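Labels run A, B, C and D following the written order; every chain starts at residue 1.
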Amino acid sequence: MITVLYFAWVRERIGLPRERIESSAKTVAELVEELKAREERYAAAFADLKALRVALDQELADFTAPLAGVREIAFFPPMTGG
Amino acid sequence: MITVLYFAWVRERIGLPRERIESSAKTVAELVEELKAREERYAAAFADLKALRVALDQELADFTAPLAGVREIAFFPPMTGG
Amino acid sequence: MRVSVQAEPFDFGAECADFGRGGRDVGAVVSFLGVVRDDSGALKRMEVEHYPGMTERAITEIAEEARRRWDLADLLVIHRHGALLPGEPIMMVATAARHRAAAFEAAEFLMDYLKSRAPFWKKETGTDGSRWVAARDEDEDALARW
Amino acid sequence: MRVSVQAEPFDFGAECADFGRGGRDVGAVVSFLGVVRDDSGALKRMEVEHYPGMTERAITEIAEEARRRWDLADLLVIHRHGALLPGEPIMMVATAARHRAAAFEAAEFLMDYLKSRAPFWKKETGTDGSRWVAARDEDEDALARW
């Protein structure tokens, strides 16, 4: 089980801030493909990966990163702090 | 008659903050030569012109600048504001 | 060094009054205040979303990187989340150092990284509806100088 | 815009509390505070001499040049003269603009020019006597970037 978090418009498109999912995905990209195949709202949220960022256990990561040992994954648009 | 002002260590070496002098100098450099010829304390203050700055009527200027029309001239070391 | 991620307002004047003072080796204090700006003239409010847990961690890492790069006597970051009104302080950064170059550079470094690497997202609500503020290319580009 | 050359202390926190606020187009406020630093650990006091008349004129010209170069909502310069103790505020600069780049750049520009082009001279008195603070080559070099 992995905890998946969504922020900003990713959260709005998917319609929930977090969920726990069972997945055999080896990488972030594989997990994204699994999610996109689920429902249209996931496909819409993940349509353009260049518009998205990902964090693994609260550290920024790449979509090619492995998921082994990861407990928390977050998807969100580019950050706009400051 | 021109008002001559001295600041910081220039003032200390010459021993006064300002004086009114009569001069026929055409440029700052000529005035400096006149002053240096006066007394040792002036010669000491003006020994190294690279260590000095000059302002004519409160605007920074060069030692080659003409004195025509100038009412106030000031000599001082490089500024250390801020 | 202090890092605070908070919903509550902060008092920029009071923070500036005390920050970086007291040490005899401090010659320069730089502070930055970010304010909710109303570009359109129609902004009603701004909502700042963040990623609890990662936010504090990311800002602390950025702050520690600044302390490795510059010799700082002190450093402060406050960033708010939640609902804000136009003109309200949204965040601040302050740095104290011997000389002004280090204080300025560290403050700009902190701002550049907070803009693009701390997990905050802004949503503006105006008279014509709501929209998420898009990241600016120039903010991403600003990181290249460090 | 406000320029003040004064012997009296100023309240940095109070100045920061009000500065640049109120306009809906201000998103970034940068402030700089210069403090009397004690490098040797033996500084008793600092005397700041200036050129009355030229000082105000030079600072005002520098400030107006900053307003020509950057789109600033507000600008403040306060610089003290006279006798100061270690740890005391000696001067401050503040800038307000839409974006942080303009506010930071204008503040640094003001500082670089005030350092080398405003007629102030500092004399330090320590336990071992007095000396005039020498201008630093890097302060003169800093002007080249503008």
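Note that contacts are C-beta pairs under 8 Å (C-beta built on N, C-alpha and C of every residue); 3 or more make two chains touch, one makes a residue touch a chain.
Quantities reported herein were computed from a predicted structural model and do not represent experimental measurements.
J.: Among the remaining chains, which ones contact both chain A and chain C?
T.: Output, common partners of chain A and chain C: nil, no chain qualifies.
J.: Please tell me the distance, in whole Å, between the geometric centres of chain B and chain C computed from their C-alpha atoms.
T.: Computed from C-alpha means, the inter-chain centre distance equals 48 Å.
J.: As a quick test, compute the distance in whole Å between the mean CA positions of chain A and chain B.
T.: Inter-chain centre distance comes to 72 Å.
J.: Provide the C-alpha centroid distance between chain B and chain D, rounded to the nearest whole angstrom.
T.: 26
J.: Averaged over CA atoms, how far is the centre of chain C from the centre of chain D? Could you give it in whole Å?
T.: 23
J.: Scan chain B for residues touching two or more other chains and write them down.
T.: 82
J.: Any chance you could list the residues of chain C touching two or more other chains?
T.: 34, 100, 111
J.: Which chains touch which?
T.: Between chains, contact exists in these pairs: A-C, B-D, C-D.
J.: Taking the complex as given, what residues does chain C use to touch chain A?
T.: Residues 34, 49, 51, 53-54, 57-58, 79, 90-91, 111, 114-123, 132-135, 139-140 of chain C touch chain A in their complex.
J.: Over in the complex, which chain A residues touch chain C? Could you list them?
T.: Interface residues on the chain A side: 5, 7-9, 11, 55, 58-60, 74, 76-82.
J.: Which positions of chain D touch chain C when the two form their complex?
T.: It comes out as residues 11-18, 20-22, 24-39, 41, 43, 86-87, 98, 100-101, 103-104, 107-108, 111, 138, 142.
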